[in-house]
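What follows is subunit A paired twice: with subunit B in the first complex and subunit C in the second.
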Partner chain A sequence: MSSLVGFLSLILAIGINFYLLLSRYILRFKNQRFNFLIRLSSLLTLLSFFSLMYAYVISDFSNYNVFQNSHSNKPLIYKISGTWGNHEGSMLLWLSILSIFSFFFSFTKNTEDNFQKLTLIIQTFLHILFGLFIVFTSNPFLVNSILVNEGLGLNPILQDPGLAVHPPILYAGYVGYSIVFSIAVAGLFQNSDDEWLHVAKKWSLISWTFLTGGIALGSYWAYYELGWGGWWFWDPVENVSLMPWIAGLALVHSLMMVRGEQAIKKWIVFLSILCFSLSVFGTFLVRSGILTSVHSFASDASRGIFILLIFFIVTGFGFLVFLLKEPKKSNSLNLLFINKVSALVINNILMIIATFTILLGTIYPIIIEVLYNKRISVGGPYFNSTVIPIMIPGFLLMSIAPILSWQTNKIKNSKKYVLGLIILSFLVLIQSYFLDFNSWGFVGLLLGLWIILASIIAIFSSYNFKFNFKFFQIINPHIAHIGVGIAIVGITCSSVLQNELDFNLNVGDEFNVDGKRVLFKEIETTNQTNFQSLRGKFLFDIKKDQSQKIEAGKNYYPVSKMITSEAGILHKWDRDIYFILGDQKNNEWYIKVLINPFVSFIWLGVIIMMYSGLIAVTRR
Partner chain B sequence: MNRIFILIPLIVLLIICIFSLIYLLSGKDPNKPPSALLNKNVPSFESSSLYNSNKVIKTKDIKNKKTLINFFASWCSPCKIEHPLFFEIRKKHPELYLLGFNHKDATLDAKKYLEEDGNPYHFVGVDSDGLIALEFGVFGLPETYLIDENGKIIYKFMGPLTKDILINEIGPLL
Partner chain C sequence: MSLRFQRLLLILFTLIIILSAVLLILYNTKENVSYFYTPSEIINSDITVNKLIRIGGFVENNSFNKVSSSSFKFRITDEKASILVSYNGILPDLFREGQGAVIEGAFDNNNIFNASNVLAKHDENYMPASIKKDLKDSGYWNKKYK
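And now, the complex of A and B:
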């Protein structure tokens, strides 16, 4: 029943969008009626999504999708997240988020009616494309042809609270760029005043904040669930999320800086189209099964071709309009040796080079395989040695960019900065000398701390401190950059100064980790509702009265016959002690311990960036 | 000049789409990478028989005849599915030499498996530590290689063979 409701409402929603798209050229709607229909189709899409979720919650195995991906033993939260833990459901989630964005956009005020309408018309066009994709190749409402009373389970690696929320948030970021895309294209068509730039800024900040959160959640999940002790692997799926993120960052900065310069406006349109294109391209790469990862569900070629077609149409349409209707009139670029505009231009160029470097590394294996029928893989070494050096000058510039002037080459209080930089370099040099010197570690640490220090100097020397919201809005760019600085410190320390220890231990053994005594207390196996768990229990720092417990182990999921590793992590503010339980051999357990310094700084930095993203939305 | 600049995204788009389309249409499966050994000489190996450890097979023993090498194990359930097909191959192509490598298996289990399901191979070599499979670049069991008279690998298949593959892909090569 719920499947029928879901399917019909989906069809109806697509139908309404068709009607709206055609009507633009046949009927002239009043705005109220137009907006009403947009909202109605959004609600119908959501109804469709929630009927699928309902089928998951009540374990309605007459729905083929539920049967394939769920199991009645699963805890409720994973039944709910199971809705998007598969290809069909996740595409429906994609469409639903698109609808939500259209829904909220239809309420924006202060925009010209025609412009708003045109933006929404482009949204309906996207809705139709993805809607048809779902109906024809990825229908989640197919009815099971046989009667069954149990389902086949969900990929156990995805049964994790972090991962239950990761897809919706990441999608909110990806799909949010659809509105930015539509706004930019509508702006091109209307060739109107600069009103659309303000609207685009708000939406691109929202999308970027969501995307940041989504990527961070996925990365945090990889950190504690995949059990390698790392949090970024330059996996193709990570790369496809990083590309729109960097392009989006460039977009946000351009939107903050634009003062009516024609070149920058053109650039903004280009970036807006690029961000959404990269989002769709990412969806294509992941969903077509060209890439293998935990994200690629069972796939077939027709799906891949359909979504490639969508990618081609959307991107082609965007860039074609860009080619034919480039923005006209306006002032020229005020470039000086070092002022705000030139800093912005440099930072944007660097970000785009980084984006295309990642793009090249991601699609290069596909091109090589087509041409030479050889499989190569492009991984960490390529990206680390290309992307990071490209970004370094940008990071250097970042520390002072917010206080640069618009009109002159002057930097306020330049002496303070020079002095600060010299003292800081000296301190970092001493610090690196006492730990084993590592050039990357030195550069990263210096950059990160320099950004933090320079931003703090800028805040205190340029503004009068007041404790109100307005003040926080004004210093927000500096806060965002402090977040980046903190994240860079975390990234540098956790990757350069990581320490790895291996042990072969019997239960009851004591060993030293990080200068503390650790007791391997016991091995425990228990039966949970949908898996069996094996846990090695450790007591950390047994000399102290309150020693801390660490549990590391594995879960076995009988329904899908899969084993997942569960790292045991002891979080401290300055380091994570990361335990991995290996195999047993001759009564001895292999145990790996990683000491990851300052990992928490990465997450703290990300949270600060997201906070700044949200504050920036409120500022006009 | 400016126009050419704006054309670049469209050109890049076209290139990406064309390559992706070819990739998709060629039916490539990312789970099954093409073998780097295709059209190369078969890696050298030496393996003793499952039934008699004094009997040894070496690379030069399969020269001058077409050989089908199959990696299998008693613990591998997809191997069980393709197993009956080897009897068919043997019946249809008596001249083809069937060489099985028993991969990371217990000798007793392997013998029992071949007793119950029958032994289609001319020779069953032991690869208990998986080193031979490593040389061949085996990804996962079962895997099947066709070697021509000159000792060149001319075909490779990952996963259980099917009748369709046997007739349409391996058949023409024999």
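And now, the complex of A and C:
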């Protein structure tokens, strides 16, 4: 029943959008209820999504999709999040988020009426494309042809709280760029004033913040889930999320120039179209399964071709409009050797080069396979040794960019910065002399700390400290850069200074980790709702009265006959102690312990960046 | 500095960045790319010792040998040829005999493949596209694998 409601409301939503598209641009009759219909179709799409969710919650196995991906004894949270734990459901989530964006955009005030409608029409166009994609190739509402009373179960790896939050937020970021795309294309058509730049800025910041959050959540999930290669693996699926993120970052920075009346409109439009194209391209790469990835799930070639088609339509349409309807001539740039404009231009160039480097590395295996019929894999080393060096000049520039002037080459208080940099380099050099010297570690640490220091100097020497909202808006760019600096320190320390220990232990053994005594207390097996768990229990730092418990082990899911490993992590502010329980032979267990210094800084840095993203939305 | 000179500097700077990016990419695609082979391709190729490659195939039945709790030996096969692999560490959860796996590592002097990384396929239905293609080509494609 709910499946029928869901399917019909989806069809109706697509129908309404067809009607809107036809009535407004082809038949051209007056439509008084434009906004009402837009909102109605958005709500219908959401209704469709919630009907699917309802089918999952009540375990309605007459729905084929539910039968394939759910099981009645799953905990409720995984029934709800299982809605988007499969291809069909996740595409419906994609479409629903597109609708939510259209819904909210239809309420925006202060925009020219025609411009707003045109943007929404482009949104309906996208809605139709992806709606048809769902109906024809990935319909989640198919009826199960056989009568069953139990489902096949959700992939146990996905039975994790991460599934509840990571995909929706990541999709909000990806799909958010659809509205940026529509705004930019509508802006090209209208070609009147620069109002759309301000609108675009707000929405691109919102999308970027969501995308940041989504990537970080995924990264955190991959960090504690064994077998996904840690918090960043340069896996194709991770790369495709990073590309729109970097392009989006370039877009946000270009839109900053609007304030200095240096808007390079062409470039902004180009980036807006690029961001959404990369989002759709990412969807294609992930969904078509042409890439080997540790995160790949079910894939199907016909879907891939359909998405590729959508990709060409969207990108082709976007760039065609861009070529035909060139934006009116913008102000010429006030490009000096080192002022804010040139810093932003260089930053944009670097980010675009980085994006294309990642793109190249990601699709290189496909190109080689097509050309030479050889299969290769491009892994971490390639990306680490290309993307990072490309970004380094950008990071250097970033530390001082916010205090550069728009008009001249002068840097305020330049002596302070030089002095700060010299002292800092000296300190980092001494620090790395005492630890093992590592050139990447030295460069990363110096860059990260320098960005933090320079931003703090800038805040205290350029502005009068006041504790109100306005002040936080003004210093916001510096805060964002401090976030980046903190994240760089975290990334550098956790990758360069990571320490790995191996043990072969019997229950009751004591061993040393990170200078502390650890007791291997027991092995315990228990039965949980839908899995059996095996846990090695450890007591960390037994000399102290309050020793901390760490549990690492495995879960066995009988429904899908799969085992998952669960790492035991002890979080401290300056390091994570990461326990993995390995195999056993003759009651001797293999235990691996990783000490990851300053991992928490990565997440802290990301949270600060997201905070600044939100603050920047409020600033005009 | 004249305005013109400043812009010239900027353009030069940009060109240097782009050039170094291109050089980096060219250099790294040569150095940091690992080739992917099936066991039967390896038998017929001239792969040198210690060259990092990936092998894709299935874990041969009855070949798995637990040397200790952290050290394993097994054979990886594509039904035409098989390669002896030795691995120290923790095997992925989905690793078992008869299942698909991708092994990253290099051959040592005794013709044993020392794995640095073992990747098992991700869920019951998933298999790397490249292995799927090889199995289909060699006629060992089992309908059960999606």
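The rule we apply is simple: the second predicted complex is superposed on the first by the 600 of 620 C-alpha atoms of A that agree within 3 Å, B and C clash if a C-alpha of one lies under 4 Å from a C-alpha of the other, contacts with A are read in each partner's own complex, and residues count from 1 in each chain.
Criterion: a residue touches a chain if its C-beta (ideal position, glycine included) is under 8 Å from a C-beta of that chain, and two chains touch if they have at least 3 such contacts.
Treat the numbers as computed from the prediction; the structure is a model and nothing was measured.
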item	value
Joint occupancy of subunit A by subunit B and subunit C, clash or fit	clash
Which superposed partner A:422 touches (first subunit B, second subunit C, both, neither)	neither
Touched partner set for A:346, first subunit B, second subunit C, both or neither	second
Partner chain in contact with A:290 - subunit B first, subunit C second, else both or neither	both
Touch count on subunit A, higher of subunit B and subunit C	C
Touching partner for A:304 - first (subunit B), second (subunit C), both, neither	first
Which superposed partner A:379 touches (first subunit B, second subunit C, both, neither)	second
Partner chain(s) touched by A:1 [first = subunit B, second = subunit C, both, neither]	neither
Clash-bearing segment of subunit C relative to subunit B, given 5-13, 23-31, 113-121 or 131-139	131-139
Those residues of subunit A which subunit B touches in one complex and subunit C touches in the other	289-292, 296, 369, 374-375
Of all residues in subunit C, those that touch subunit A in their complex	1, 3, 6-7, 9-10, 13-14, 17-18, 20-21, 24-25, 28-29, 31-37, 54, 66, 68-70, 89-94, 102, 119-120, 122-126, 128-130, 146
Subunit A residues touching subunit B - in the complex, by the definition given at the top	270, 273-274, 277, 281, 284, 288-292, 296, 301, 304-305, 308, 311-312, 315-316, 319-320, 322-323, 326, 363, 366-367, 369-370, 373-375
Footprint of subunit A on subunit B - complex, ascending	3, 6-7, 9-10, 13, 16-17, 19-31, 33-34, 36
Subunit C contact footprint on subunit A (complex, rising order)	155, 157, 226-227, 289-292, 294-299, 335-337, 342, 345-346, 349-350, 353, 357, 360-361, 364, 369, 374-379, 381-382, 385-386, 389-390, 393, 409, 502, 504, 554, 560-565, 580, 582-585, 588-590, 592
